[in-house]
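Naming follows writing order (A, B, C and D), and every chain is counted from residue 1.
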Amino acid sequence: MAEAIAPGRLAAFSDGVIAIAATLLILEVKAPPAGEEVWPALRHEWPALAAYAVSFLVIGIAWIHHHNMFHQVRRVDRGLLFLNLGMLATLAYLPLPTATLGNHLTGHDAVPAAVFYSASVMVSAVWFTLLWNHLCARPYLLHPAAREFAREARRRSLLGPVCYLLAALLAFVSPVGSLILNAAIILYFIAGRRSPASRVQRPIPASAAGSEEEDTARDGEPSPDAR
Amino acid sequence: MAEAIAPGRLAAFSDGVIAIAATLLILEVKAPPAGEEVWPALRHEWPALAAYAVSFLVIGIAWIHHHNMFHQVRRVDRGLLFLNLGMLATLAYLPLPTATLGNHLTGHDAVPAAVFYSASVMVSAVWFTLLWNHLCARPYLLHPAAREFAREARRRSLLGPVCYLLAALLAFVSPVGSLILNAAIILYFIAGRRSPASRVQRPIPASAAGSEEEDTARDGEPSPDAR
Amino acid sequence: MAEAIAPGRLAAFSDGVIAIAATLLILEVKAPPAGEEVWPALRHEWPALAAYAVSFLVIGIAWIHHHNMFHQVRRVDRGLLFLNLGMLATLAYLPLPTATLGNHLTGHDAVPAAVFYSASVMVSAVWFTLLWNHLCARPYLLHPAAREFAREARRRSLLGPVCYLLAALLAFVSPVGSLILNAAIILYFIAGRRSPASRVQRPIPASAAGSEEEDTARDGEPSPDAR
Amino acid sequence: MAEAIAPGRLAAFSDGVIAIAATLLILEVKAPPAGEEVWPALRHEWPALAAYAVSFLVIGIAWIHHHNMFHQVRRVDRGLLFLNLGMLATLAYLPLPTATLGNHLTGHDAVPAAVFYSASVMVSAVWFTLLWNHLCARPYLLHPAAREFAREARRRSLLGPVCYLLAALLAFVSPVGSLILNAAIILYFIAGRRSPASRVQRPIPASAAGSEEEDTARDGEPSPDAR
C-alpha cells in the first residue's frame, strides 16, 4: 500500500507528529501547586526545565534533519514508510525519558535516568542512519540529483548516534555532564558545518520554479507548496 | 452543508487529528516518579510501552489507509463526512483502551483489558469498511478511474476487522498473545501485499502533472500540494 | 496588523487548534487504574465517554462551519481576527466543561454540570453568529458572489445558539436529557438541510480551476491547495 | 544545514507548535472532581480561567506576529532557525507559568507567580526583537521590498517587551492588576495601530498573483498556498 503515499503528504504528517511531541514536553514539568512557595518550587523543577529545553532542541534538530531528508525523496516504499513510522514513534516517546530525567537528575538514581535519556535520544538518531541507508540502497526513491549527496548524508548521519552514545557513557560518570553534552551536541548540529545533509540540496528544475517569485527562485529554495 | 467541504481540506483536518492521537499515547505511560528506582519502575511499565508501540502502529496504518482512501475521493457528501468524523472519534479515543491495557496487562484483570483493547481497534477498522461501502454505493464521490478499485478495496477492508476480532477472541485465552497478534497484523499490513487499497491508484492526468518535475510526474505520484 | 493575515493561513491555523481541541478531549476520560476491575471501572466512566462523543461532534461541526465560512472570506480585518481568536479560545476550552459533565452527570450535582456544559457549547455557537454578523456588515471582506449568501448564513447561524440554549434549559430538569438533546442537535446539523452555510457556495472562477483535473473542476469543489 | 529549510515549511512547523501550545493551556485548568459542588469549584478556578484566556491571546498575537514576519522572509539561515526554535520553545513553555499563575493568583504567594508569568511572556516577546534584529542585519534573508519595513518592525517590536516588563513590575504591587495589564496589552496589539509589522506588507509580484482569483489578487493578499 505504501506506493500510494506521496512524499509531501508523509512529510506533512511527520511534521505534525514532531511538532506535537515537542510541545507535549512541557506537560511533564509540574507547576508549583497552590499552597507551595513559588520560587523554591520552580528552583526544584530546574532539572525538568533543563530536560525540557534539551529535548525541545533534540526534536527541533530531528525536524530539520527530517525536512532535509524528505526534500530529496521522490517516492515512498514500504520500507521507508515503516522506518519513518519507527522514527516518529521514537520521537513521540521522548517525553517519557525527558520526564524521567527531570524527576531524577538531582536524586539518588540520577545515573540510570541520564543513561536512559541519552540512550533514547541515540535511538532516535539511529533511525536517521537507517533511513539514509534505505534510501542509498534504493536510489530510485531519490531525486536523481540527490543520489551522490545521500551517500554523504548517510556517512554524516553516523555522527549523531556516536555523539549521543558518548553522552550515554558520560552519564555513568556525571548525569548533569551528560545532559550538558547532549545540549552541546545539538547546538553544534544547529550552528556547525558538519550536520548531516547540510550540503544535500536538490537543484530546483526550471519548470517547478516557474510560478515562483524571481528572487526566491534564484535562491533555489521555493516553498514546498509552490512546487 | 457537506457539499462545501473540499476532500483535500477534510483529509488535512483528519491528518491533524490522527497525528495528535498518535502523539498523545505516550502521556499514558507514567515516568518513574522521583524517589523510585528508575530501572525497576521502567520495567514495570513494559506493558504500557508495548501498548504504546502497538497503538502507534495501529494509528499509523489507519493514517496510511485514510490517505489512500481520500486520494480517490473527489466529492464529500454528508454521509462521508459523518462516517469520517466517527472514524476520527474512534482513533482519537484509542489512548483510553491503550492506557487500560498498559495498566492491566500484567495484573489479575488482564483478560477484559485485552478484550477491550482489541475490540476498540476492531471498531476503528470497521469504520473503513463502512467508508468504502459508502463510497462504492455512491460512485460519483470517487474519481472515475478509482471506481472499480474501490470495490476491491471494500472487499479487502473486511480483512482488518476480522483479524482484530480474532485478536479480541484470543484475548480471552492469552492477553499478551492478543497484543502480539495485534502487532503482527499491523506489521503484515505495512509489509504485506494484502492491505486494503494497496492497488488502488488513481492515474494522474496530464494537466495535473504539468507543473511537476519531470521524473516525479513519471512516477505518477505528485505531492497533493502540487495538484 | 490584521491586514497582513491571509484567509487561507488563518483557516489552517484554526484547523490546527480545532483538531487538537477535539483530540485532547479523551485525556479527560480516566483509564481504569491498575488493581481495579476493568469492566465496572469502564461502566463507571460512561458519562465521560458520552460527553467525549458529544463534544467531539460539537467540535467537528464547528470545524465544518468554520471551513464553510472561511471559504467565503477574501480578506481578514482586525475584527474578524479577534472574533476568530475568541471562537478558537472557546472551542479549545471545551475539554473543561466536558470533563465537568463527565465527572458529575451521575452524581448529586448533575444539574449545574449539565447547565455549564450546554451553556459553554452555546457560547461557542454564538461566536459564529458574531462572525457572520461582522462579515455581513463588511461585505468587502467576502468574495463578491458570497455576499447574498452570507446574510442567509447569518440568519441560520442563530439556530445553533437557540438550540443549545434549549439544551441548557432542559438541563435544569434532566441533565442526561440535555446531553441527549445536544447530541440530537449535532446529528441534525450534520444530517439535516438547515445547517448554516449549507447553500453558501462560492462559484469557482475559470482561472482558479484551470490547473484542476477536468471532473473535479466540474464539481466546483477544487481542494484549497489547488487554488 | 539551515540553508535547506524553506521559509514556508518552517512557518508551517511553527504554526503547528504555536497552535498546540495554545490548545494545551486548558489542560492546566482542573475540572471540578466528582463529589465536589460544581459552581463553587468553578468559581475557585477563576484565576486559572483568566490566565488561560490571557495566555491564549498572548499565543494568538505571537502567531499573528510570526506569520507577518515570515511573510517577509525569503531565506532561512542558521541564526534565524536557532532564534525561531528558541521562540517556539518559549511559547511552548507558557503553559507552565500559566498554570503557576492559576494556582497562586488568589493565594499568599501571588506576587512571585505573577512576576514569573509576566517575565515569561516578556521573554517570548524578546525573541521577536532578536528575530527582527537578525533579519535587519542580514537583508538578503528578506524580500527586497520588505527591507525598509523590517527596520520599522524592529523598532516597534521593542514595544512588546517594554509593556510586558511594566506588567512584571506591576505584579510586585498587584498580581491581579498585572494580569489585567497583560490582557490590555494584548487587546491593544490586536485592536490598535502600533503593533509591530502592521504596515509591513510585501507587494505581491504579478507572476505570483497570476493564478489567483481577480479580486483576491487586487487585495494583494493571496493565500500562501497559492504562491
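Methods note: a residue touches a chain if its C-beta (ideal position, glycine included) is under 8 Å from a C-beta of that chain, and two chains touch if they have at least 3 such contacts.
Owing to the predicted nature of the structure, the values given are computational and were not obtained by experimental measurement.
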Q: Provide the labels of all chains in contact with subunit B and in contact with subunit C.
A: none
Q: Enter the minimum step count from subunit B to subunit D; a value of 1 means the two chains touch.
A: 2
(Q) Quick check on subunit A against subunit B: do more than half of the interface residue numbers occur in both copies, making it same, or fewer, making it different? (A) different
**Q.** Intercentroid distance (Cα basis), subunit C paired with subunit A, Å
**A.** 34
**Q.** Computed distance of Cα centres, subunit D from subunit C, in Å
**A.** 24
**Q.** Sequence positions of subunit B contacting 2 or more other chains
**A.** 12, 16, 20, 24, 27, 211, 224-225
Q: Sort the chain contact graph into one of these: line, ring, star, complete or other.
A: ring
Q | Chain-chain contacts as defined at top | A | A-B, A-D, B-C, C-D
Q: Using the touch rule from the top, collect the residues of subunit C that touch subunit B in their complex.
A: 12, 15-16, 18-20, 22-27, 29, 31-39, 42, 52-53, 56-57, 60, 63-65, 67-68, 71, 189-191, 195-198, 200-201, 211-216, 219, 221-226
Q: Quick one: which bits of subunit B touch subunit C in the complex? Just the residue numbers, please.
A: 1-9, 12-13, 16-17, 20-21, 24, 27-28, 74-76, 78, 81-82, 85, 88-89, 92-93, 95-97, 99-100, 102-104, 107, 109, 112-113, 116, 143-144, 205, 207-208, 210-211, 224-225, 227
